[in-house]
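The structure is given below, and queries will be raised subsequently.
Note that the chains are named A, B and C in the order they appear, and that numbering of residues resets to 1 at the start of each chain.
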Amino acid sequence: MQIFNSWENIRRKKPLIHHITNYVTVNDVANVTLACGASPIMADDLGEVAEITALAQGLCLNIGTLNQRTIPAMLKAAQKADELNHPIVLDPVGAGATVLRTKTAHDILQAVPITCVRGNISEIKALVKGSGNTQGVDAAPADRISTENLTTACTFAKQAAAMLKTTIAITGAIDLVADQNICYVIRNGRPEMSRVTGTGCQCSAITAACIAANPDEPLAAAATAVMAMGLAGELAYENLRPKEGNATYRNRIIDTLCRLTADDLKKGAKYEIR
Amino acid sequence: MQIFNSWENIRRKKPLIHHITNYVTVNDVANVTLACGASPIMADDLGEVAEITALAQGLCLNIGTLNQRTIPAMLKAAQKADELNHPIVLDPVGAGATVLRTKTAHDILQAVPITCVRGNISEIKALVKGSGNTQGVDAAPADRISTENLTTACTFAKQAAAMLKTTIAITGAIDLVADQNICYVIRNGRPEMSRVTGTGCQCSAITAACIAANPDEPLAAAATAVMAMGLAGELAYENLRPKEGNATYRNRIIDTLCRLTADDLKKGAKYEIR
Amino acid sequence: MQIFNSWENIRRKKPLIHHITNYVTVNDVANVTLACGASPIMADDLGEVAEITALAQGLCLNIGTLNQRTIPAMLKAAQKADELNHPIVLDPVGAGATVLRTKTAHDILQAVPITCVRGNISEIKALVKGSGNTQGVDAAPADRISTENLTTACTFAKQAAAMLKTTIAITGAIDLVADQNICYVIRNGRPEMSRVTGTGCQCSAITAACIAANPDEPLAAAATAVMAMGLAGELAYENLRPKEGNATYRNRIIDTLCRLTADDLKKGAKYEIR
C-alpha cells in the first residue's frame, strides 16, 4: 500500500500550486490545498500567469466560470507549465453543457499534454465523444457508473486515458482513476457530498497537489487524492452532529483533509485495481 | 397553509438554477441552492449564457458586483429565459447607490418581464422612484419598514409590484412579499442576520429555486422562500453556542435550510395577508 | 492602553468600507468587516467605483487577483478617496512575485498618499527595494522576522514607512506596525493561521475598518487591528475541538473577532513599542 506515501509527500514537499479556477468554489479550493499540505496561488491575468506558473510546482485549470479573458490565460499558463515540465490538472467543469466549455477543454487538451483530467462521467464522455449529457455541472443519470456497468466503465476510462493521452479521474458514486493500462476502482465517498458545492473542484485541487509532490507517479498520486477526498467525505459525515447540514459538512470535509494521514488512508481506502 | 408545499416541491423537482451573481457571496448562494433541494450553475460569459439558461429551469440575476462584461450577459440570459418562459428573479443589490446599478436594474426590468424582484426597501424605492437612499448595500434607516409605517409600506409594495409588473419581495426587519393585489407581511428573521454577508443574496437564490419549482404560483413561492430564510435565521440563532459569531451563524443558517421541512415552516412561519 | 478604544470606535461609527479585492478571500473579507462592526461594499467596475468610494468612509485595495479591468478601477477609487480625504489601505498581495503585481502596487503608491500598507515582509521588501523573494503569496524563509533580526527589522519598518510615506504593517510570526518614528512589535497570533487562506487579507480589511473609524490615528488604529487579528487567532485556536482543522479555524477566527472587546484586547495584546 505504498501509494499512500504520496499523500505524505505533499506535506513534506509543500508544492506551490497555481490555480486558474472558478469564483464559486475558489476559497474552498485554496483552503483544501492548504489542508493537504500544499500552498495555493490564484492568478488569472494574461500579463502575469506565465510568471506565476513558473514560480509554482503544479498548475490546476478549472473551467467552472471561464470567460473570454481567462481562456487565453489558461492556455498561456498551460504552455509555460509544459515548457517547465510541471504537472497540469484539468477540471473540465460543465464540458458537454455548452459549446464554449467543450471547445475550451478540447483546446487545452490539444495545446499541451495534460497530466490528469478530473471530471464527472458526463464531462469525460463529452471530451471523448465530442458530445455529452452533462446536466449543468452534474453527471446525467444515464451516464452514471454502477456495479452493473463497471466493466464497461473501466474499459471506457482506459480508452479515454489513451485517447486524451492523460491520467483520467472520473468521480461519482464509484470513482475510476485510470491510465491506458490500469484502472483503480475506488468506493470511498458519500452521496451527501453532492450537496456541497465544489467537492469536485476540491478533488481536482488535491489531485494537482498530490501529483506535484509525486511527479513521477501521476496515476498513483491521482488515485491517492481521489481516495483521500472520498475518505474525508466519509469521516466528516460520521462527525456531523444533529441539525448540521451541507455548510458544516463542507467545513468538516476540509478539516478532515487537514488531519488525514497516510495511515488513515491505509485503513480507510476501499479500492481494487482492474 | 398549502403554500408550504411549494417548499417541498423544490426537493421533489430539483430545478437547475442559472445564477449570474456577485463574487462576494457566490459560494453561499451555491450551497443554499443545494440546501433547499435545487441545483446551481454559475456562468456569466456572453458566449455561453444563453445555452446555460436554456439548460436550467430558472434564472437568478444579482447585480452585486456587476461589470461591463457581465451586464450584457445578464441581458442575454434574461432574453433567453423569457423566450423559454422560465422564471427570472432579479436582486438589484445596491440599486440607488450608483447610477450604473440603478440603470442596469432598470435595463433588465425593461428588457423582459421579471417574475420577482427581491431587495431591501431602499433598493426597491430606487427602482420605483428613480432615486433612493441606499447606503452601500444596506437600506437607509429612514426607509425602514416598521409597525408604524406598515400600512403605507404594504400599499407601496403593491404599487411597486404593479408598476414593475412583477412580484416584489422587500426584506428587512419586517418582510413584505406582494403582487398588485395581495401583500404577505412576514415577521420571521433575526436582526443578527444583517451581520452575515449575503443573507439577502441567499434569500434571492432560494426564491428563484422555489419559483422555478412552482412556476404557476410566484407570489406564494416567493413568500414561502422569504419565510424559510427568516425562519432558518431564527432556528440557526437558537443553535448558536457560546463564543460563536457571524461566521458560524452563516453556516448554521445554510445547515438549517438544508433540513427545513414544510412542517417546520407550518409551525414557525409568522405572517398575515393584507 | 487607550489605543484599544479605537477598536470600539469601529462598532460605534460603523464605517462603510469600499473593497476592491481578490475573489479568493472576498467572502471572508466581507464577513470579517461585519464582524468587527464595519460594513463592507465590494465594487470594481470603472463605471461606478468613484461613486462607491464617495459613499464609503474608507477604501481597501487588495491586488490578490488583480487584472487589466480592475487595475484602472483601483487607481480611480484611490484618486477619489484621496480627493475626499478618506483613508486608503493597500494590501500588495504577491508584490515581488510578478512584474504586474510589483508595478501595480508601485503605481498605486505613486498615484496618491496611502494611509497604510499591510503585507508580509517579502512583499514590503519588494515595494521598498524594487525586488523581493516573495514565494507565491507567502514570505520567503530568508526574509522572516525573528528575535534575532528584530532590531534590524524595526529599523527597516520605519524606513519603509518613511520611504513609502505611509503607515506600514508587516505581519508574520512577529508583526511590526510602524510609522517613520515608532514601531509596534506585536507578538500575538498562531503559526496555524497560515494554513487558513486569507488571514492576511482579513487583517487588511479590519485595518481599513479601524483606520476609517479612527482617521486621525492611523498608526494606533493599524496596530490595534493587527493585535486584534492575532489575538483572535489565539483565542480561536483554544476553542478548536478534536478533529477540527483549518476550515473550522477560519470560522472561529471570524467568530472571535465578532465578539472581541476592547477589554479582551487589553488583556490579550502582547506588544512593545520601539
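Just so it is clear, a contact is a pair of C-beta atoms (placed from the backbone, for glycine too) under 8 Å apart; a residue touches a chain by one contact, two chains touch by 3 or more.
All of these numbers come straight from a predicted model, not from anything done at the bench.
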Chains touching both subunit A and subunit B: C
Rotation, 0 to 180 degrees and nearest 5, that superposes subunit A on copy subunit C via CA atoms: 120
Homomeric contact subunit B-subunit C: same or different residue positions, threshold half: different
Subunit B-subunit C separation of Cα centroids, rounded to whole Å: 33
Sequence positions of subunit C contacting 2 or more other chains: 23, 27, 69, 250-251
Complex contacts: residues of subunit B adjacent to subunit A: 16, 23, 26-27, 30-31, 34-35, 39-48, 51-52, 55-56, 69, 239, 250-259
Subunit C to subunit A touching residues, read off their complex: 22-25, 27-28, 64-69, 94, 97-101, 135-138, 195-198, 243-248, 250-251
